[in-house]
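Notes follow the structure.
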């Protein structure tokens, strides 16, 4: 098994863990954490492909990862801000209690 | 497949699992930082120095702190009585498992086609900088704008209404 | 002869390592250097504690420690023994694991910082291409340790202290980064050895240290402020404001863990001073061209101790700030000034050589500072302070 | 008269020429800034306007000095800076500016007079609450005018030209509360449009012929021999060459701006604007822009002229100019509004300039333009000072005896008046007018213009004397007592008066410096300039005419101040003539019954069409649709609705069912999302596997 496959598997595992968390946890913050994990798994993929790809000197994958790190930071900031404001209104961070959008 | 890789992978996955499974939210956050650190080390293992350190700086240094702050601000640190998992946790788990199955399957399918170990590329920070301001300058600018917007947006969203933006 | 004196430690290392088979040598040398660092700085820490207590004593018209050994020189050792032999108390409701991990994480991350500091010619543990970035990554990680300590010990003082500390460190981390970026802009490299080399040229016998340029001076001032805040030193020592919260985030620590925190703080001070030295004061380079025969490491450590003395001096002189003042200062004054400094550095970089850039850059900076000062005075911001009591 | 060695023209653009664009740019920017100011910021506005214009004046002086030094060292400066504005396929539109003696002289004149008038207006307008707006418009005008002056491209010139027109419109209607003012503004705008349409036609034609609108472009410009030759080769209608036709079209535009005979009607009404405006725009600069335009495109007008001969275009210019000169001064005789009299005299002087251009060449016309600018600005500002002093009284019959009440104004006004009449030897007006007469004397085509112009001179002297007698002599007949104006108003008057006298020195036949400067020839002082055949006689005649005019004016009006109501001396003498003159020879009435009436009729016709024809059609269509709608409704109610309602019920039911899916729980959605992704991925991989 090639090293790349190993990295990809780790990334897949991490992604699934993050997804599982995002799907199962009640606390909104933890859902956000799960999403962060998924993002990081994607970054790992990008970097792995950059490393073992045909043109590492083109830096494409690396750049992609760096940008996604930056964007993820912004996402975390806004997401947590939203959670805080929701908590201020609903006094809970439990997603199961936040179903005002019910059809 | 070096020993280092296995160790780091184990660390990272363990961190991720802990972050998703632990009851105490703050513990989850700390475990998350472990996972982040592991990922950073993985990057280093992949000769992506810059990305690795950036990962440390951004995630361990900033995002983790943000998360714990959010937890403390939302009194999330004490665990709720009726469990930390939603009652549909089984379905969620199943879906996640399905996703993993698909991913793993596709990877194992294409193992033969994946490139073998390549020689480590030598990338200096200078090259990255040059690339950032020459070829990737537009994304850079856009990210800059995005970060600014996110900063302002986060502040406004999290600000107390009664202070009416006085801060 | 001079060469050997300069490179003595390097030669020593090579000699020692040469006994081992080639395959082990890199690992061995790394371990050796790490060991040296880990031993050296605690010793320096002990010395510094004694210096600080003596110095503060002088400043406050007391004698300071003078019982243990000559001039109380053995005082630190006594303290060390005491803290080692003390009982290690963990509060009943505390989160044992985190409570245990916190000091370790702190000390480890702090020591990591030294890995990239060049302490003399060819005297750097790992010459990373992204050394500065690495350093800041490590510095960022210490905040987590502080938070762990404060949160895990289930004590409102600790928590408040930790929150204050983290908030303050985050705010000033930004300033720290921005004030260092100017150096990177000019040097064109994140590698600290490269930065030092860029500064170790001489014209008319004077070195090209960055502090001797307008932007460098401004940057250094910002850096010094940020460093003081980053290490929670007075006047920014709110996290441990004895009068407000008993001892901040390490209230609930005792014995050896407390010693670790204590050590951690001082070592952090060393490393941040070392970084400042490297960035602005020309690292291990001599202050005058005719002094280059003095071994480089001597210069580094003397500069280090000098800045440490400044820290002590500040502590002896300045009163403590209030939290809001602290934050306003960080976000409303220091940060904009750093951004301005970035601008000026860009100008400097592109105005090319010649006297013109000196005039323009210094003019801009001076105007900015003078203007702000005048404006503040006009708007009576620097007036009698008003107290807001907690309700 | 001089040895006709012509200097070598040079084209390299010097630094001063490079920054020439600043001269118009600065006042325009200032105008923009002032426009943003609040109304009470009076001081700031005035300061900004004056400061910017004095900057322009400084630059203009530099430019002039540069050209002058070039001239001294034997170089006829003509430096152009061109750049491409629009690049459309093969053809490109270039803009640019030119620095040559013509533009240099004009620059200095415009900015100097403008500056003086700005300073004057700070006094004149101080009681007006729209002070800032006034200065905004003023400096916008100054900028645009300077732009006209430096333009090296017919298009750029046209832009600034229109801008000038716009500001003139805005300033005439500055007191838009007065119906008269707003009407006058509209009139001015429309009438000048008539000219501008022809002008634009000329521009387009020129562009289509030569492919460029630049005047000078290192041999590639439209005024340079190459292009001119092409234009001459191109025949147009009625025996005209393209050059001649384009010249005539451009002249139409110029006539509109400079109020030449058929299009002069707007200028007298323009006096509704504030007096500084009349002085700056409708006496000194803008109206002169037409003359300047002709001077600028002179090579075009002159193209195809035989040696010493003339061309159709120039002939037309001459005749129009000469006739306007007499015509306007005739009307001026019978006016009672102090500013109107000056307005008509302006028209007639513009006629002189045109005639001078047509017969004597650039230098003759331009010289009169410059001198006239100074003394006419002086007269207008004097009139303004009088009006100001007599608290907004404009009827000369209600004034009188002001020479004691406002000595400064009187003295300066007298200087201006004498300059305008062309009082011999001492005043600039004499020399410039004399140059024109001399040109007319040597004109090969006809003698009539000479006689016309001489007659005009007589009338000028006459009506000016009448006015001065009415205003300054006799006894005061106004209501409240008059008072001298503040120094800020009189000082500019004094300065202008100085120029009104001194400028004459640069254009005497003995030392025709101005002409030499413009034509780029060397010159020196020699008395033989007077030895020109017939010159002495001509000067004698004009002197005689002037004295005659003064005398004729003084006899009936001097020192005896009739009551405001009692009819004028001439009116008693020859009532019909007087009536004709007072009603401005019925030109306005004529337009009223022809052009305007036609437009009114046409408007009525189209109105009728709208109401009856189109309106009817629309109504019919609408009616048809209403019918159709009725049918539809009956259909709907009975057939469609029933089924539709049923369908709606079904929809609500099914929607309710679907709504169950919307649990409002994020995780549910996320789950479904993930499932979908899984399915997609599976399909993808499966398909790619084979």
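Lettered A, B, C and D in written order, each chain numbered from 1.
Just so it is clear, contacts are C-beta pairs under 8 Å (C-beta built on N, C-alpha and C of every residue); 3 or more make two chains touch, one makes a residue touch a chain.
If you're wondering where the values come from, they're calculated on a predicted model, not measured in any experiment.
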Chain occupying the most central position, where position means C-alpha average: D
Interchain centroid distance [CA atoms averaged], chain B/chain C, Å: 29
Distance between the centres, which are taken as Cα means, of chain C and chain A, whole angstrom: 34
CA centroid of chain C to CA centroid of chain D, Å: 73
For chain B, residues contacting two or more additional chains: 50, 54, 62, 69, 86, 88, 91-92, 95-96, 99, 103
Chain A: positions in contact with at least two other chains: 19, 23-24, 95-96
Residue numbers of chain D (touch at least two other chains): 667, 671, 674
Set of all touching chain pairs, with the criterion as stated earlier: A-B, A-D, B-C, B-D
Chain B-facing residues of chain D, complex: 667-668, 671, 674-675, 677-678, 681-682, 685, 689
Residues of chain A touching chain B in the complex: 1-10, 12-21, 23-27, 29-30, 32-34, 36-37, 40, 43-44, 47-48, 50-54, 56-57, 59, 62-63, 65-67, 69-78, 80-85, 87-88, 93-96
Residues on chain C engaged by chain B in the complex (per definition of touch): 95, 98, 128-130, 133-134, 136-141, 143-144, 147-148, 151, 159, 163, 166, 170, 173, 188-191
Contacting residues of chain A [partner chain D, same complex]: 19, 22-24, 31, 95-96, 98-103
Interfacial residue positions of chain D with respect to chain A in the complex: 658-667, 670-671, 674
